[in-house]
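Here the chain labels run A, B, C and D in written order, and each chain numbers its own residues starting at 1.
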């Protein structure tokens, strides 16, 4: 079942490796079939070398395995929380990519220092608050998702398809697995450039709103003119 | 038409990937046929994996597509502005290479800290001013080109074949696509080394003019003696 | 003899290269057969290009070569000291991976700044004291091992499977060669992220104990639920 | 003529690329046949992609081409100056490897911060003084060599097989091309680690002499016990 979804989720997991975002098994991608209420996700702690579409685990919205012989990624409850909160997303990606994680470890969001950032993220990429002891000890992964959703109270997930989970690392998402991976790649590049820019100028301020608007909208707005998309 | 130009432009786009200057689709190369007044450029937002010569889009000097089924790169108006201003250039390259972009985001040019720099760029690589809100909202890409040309009032494009567009990223150029790519590669290396040198010595000053003259001229002057070029 | 051990030790040495932890021949892995009291280790200063299982040198616990025509790694006495002190480890890895070594050179341990760290190392990765002149001049490699063991008086080797030898570089270990290499890979990634986080926030403090406990235990505790391990 | 020397020099040039030390054509290796007083060196500005043994240019000690249809590297006079001054060296390597060059641009030598450094370089890697205007304008490349030799008045070339030419980049050497390349690789790694260590601790001091002695001598002294060398 869900062959096409499993195929795209498996490919997305392998693309994370191809883009250098994953060390060993530190990453996972899931995708959702909204009509059936089912999610396909990478199995937990499995090597990427021989991963196939059939290894993807299918679960329902309570995290119960519906298909697959392997255990799902331990981060599954975080993914489910995001799917529950945001109808408009179709895929979630989690990595420990080095520079984005460095910002998460420093409890800093990534401010919008340039047009590369603005092409993908409509403003500063936020960092969540730290979880409380109780949140960590009870339903840790689910509470990670809840803290992300809480942080997005005034943000739109498809305009800001990335977050840094404090002292943990980045989550990104998108309409589908391909765009969620694209956002993970962009986030890591943007983090690396922001670190270098801050080294050159520690007091650097974000770009003006009119540049941000221009760049985000030329790629994502109703009058987007970047790429080959037909309207 | 313009088969040779399209071939060299396509190869140059792929060389950007080979040299590690391009993340996803963040880069574009164009080349001009001065006799016919036509420009070949990468299509917008297309993956490099299967790109062929035939995908290059041919446009006239007003940006009107003359040949090709795809949309040209959205940065085309910037390229055209440079071709209009500078008769001596034959190709333009735009990337978001990480270290050069980090300088652009910090609104800093790259000072000439060594002979690697002097071998390719005759002095400090300049950064443009920020665009005004009006410039961004009306003809943004064209105004990006105009701000570059404005910044070069006292500079010669073939002596300084690179610029940092403020809060955006680098543009380079050259007599042909191969040399424009070469300058993009050199710029990124020079940016990375400058960042490291500034980390070691934040007050570092540029090299003396006599070292700059020596290195630039041994590669580019009328009595150049680097390489296999016959005079 | 010890064919399986030699195979896993050879593979582990090659995996160090695959993970980018080794420049030239700067690294070595050994594994121990506790029942026979024999250790298999990489030969000294031999290129990785043509290394085969049969090149691994088998020595006894006094370092005497029992099998193999090549000299064992000069770091062998360090490995032996760790095997003697800690019954629970089955393999030792030594590298000069760039970021972990940078911390060792600065005489700094790597504090636990995030969950990537906590997934592998139960607290701050320690740095040894410097060796005295006498310790360096007499049995240098063995004393390197002794200083590591001394530093671990209050630490459990399988909870903290890594150390930085002051002004030298990292040693890691594990139940077997595969996990020892995994810890070397994790250590280098964690070191690179810690350096970047400290650049962003020089006064950064380690994560709270409840996050550390949660992450280490979900992977390594008796109730671990990460990966496909069956209990 | 000199087939074996040309083969080893060509291989060494290609090894620089393999080790990531060369951007485009920024590097060159030469080797000397002391008996005949002839030097084989990379041709100037030629791409590495199709380089063969036969492209190596053979020159005499005055730099006159004895064999080969291409022009020798423009840095040849620097190489010759080193061969003339130091009988014990058999090969010279020049690169613009990024981190070593960053130190050269900052006019800083690389202090000996750890055993990786001490394994290859017996003390701090020195940086030359800047050349005067006259030295640059008259016989620039030869004077670069002279400034290196001047800096080595109290140093032994095979104990310190590397130098940073101020605002230019590194030169290394060795008994043969293989060891000269090895020193170039070590120098770049050591430079990268030193930069990171200095970021962690700006006031970091070099290691003690007894650690330096131990490490250099275990690899290079008369009683060296690293590697498979038989004595």
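Following the convention adopted for this analysis, a residue touches a chain if its C-beta (ideal position, glycine included) is under 8 Å from a C-beta of that chain, and two chains touch if they have at least 3 such contacts.
If you're wondering where the values come from, they're calculated on a predicted model, not measured in any experiment.
Participant: How many hops, at fewest, get you from chain A to chain C via touching chains?
Facilitator: 1
Participant: So which chains are sitting against chain A and chain B at once?
Facilitator: Chains that touch both chain A and chain B, as defined above, do not exist here.
Participant: Specify, for the interface formed by the sequence copies chain C and chain D, whether it is same or different in terms of residue numbers shared by both sides, with half as the dividing line.
Facilitator: The interface of chain C with chain D is built from mostly unshared positions.
Participant: Taking each chain's centre as the mean of its Cα atoms, which chain lies farthest from chain B?
Facilitator: C
Participant: Find the geometric centre of each of chain B and chain C from their Cα atoms only, then give the gap between the two centres in Å, rounded to an integer.
Facilitator: 46
Participant: What is the distance, in whole Å, between the centres of chain B and chain D, each centre taken as the mean of its C-alpha atoms?
Facilitator: Here chain B and chain D have centroids separated by 32 Å.
Participant: Can you tell me which residues of chain A touch two or more of the remaining chains?
Facilitator: Expected reply: 199.
Participant: What is the shape of the graph in which nodes denote protein chains and edges denote touching chain pairs (line, ring, star, complete, other)?
Facilitator: Per interface graph, the chains form a ring.
Participant: Using the touch rule from the top of the page, what pairs of chains touch, sorted by label?
Facilitator: A-B, A-C, B-D, C-D
Participant: For the complex, which residues does chain B have touching chain D?
Facilitator: My answer: residues 113-116, 182, 185-186, 189, 192-194, 196-197, 199-201, 204, 207-208, 210-211, 214, 218, 225-229.
Participant: Which part of chain A faces chain C closely enough to touch in the complex?
Facilitator: Interface residues on chain A, with respect to chain C: 23-24, 26, 43-46, 70-71, 74, 96, 98-99, 101-108, 130-131, 133, 136-137, 140, 167-169, 195, 198-199.
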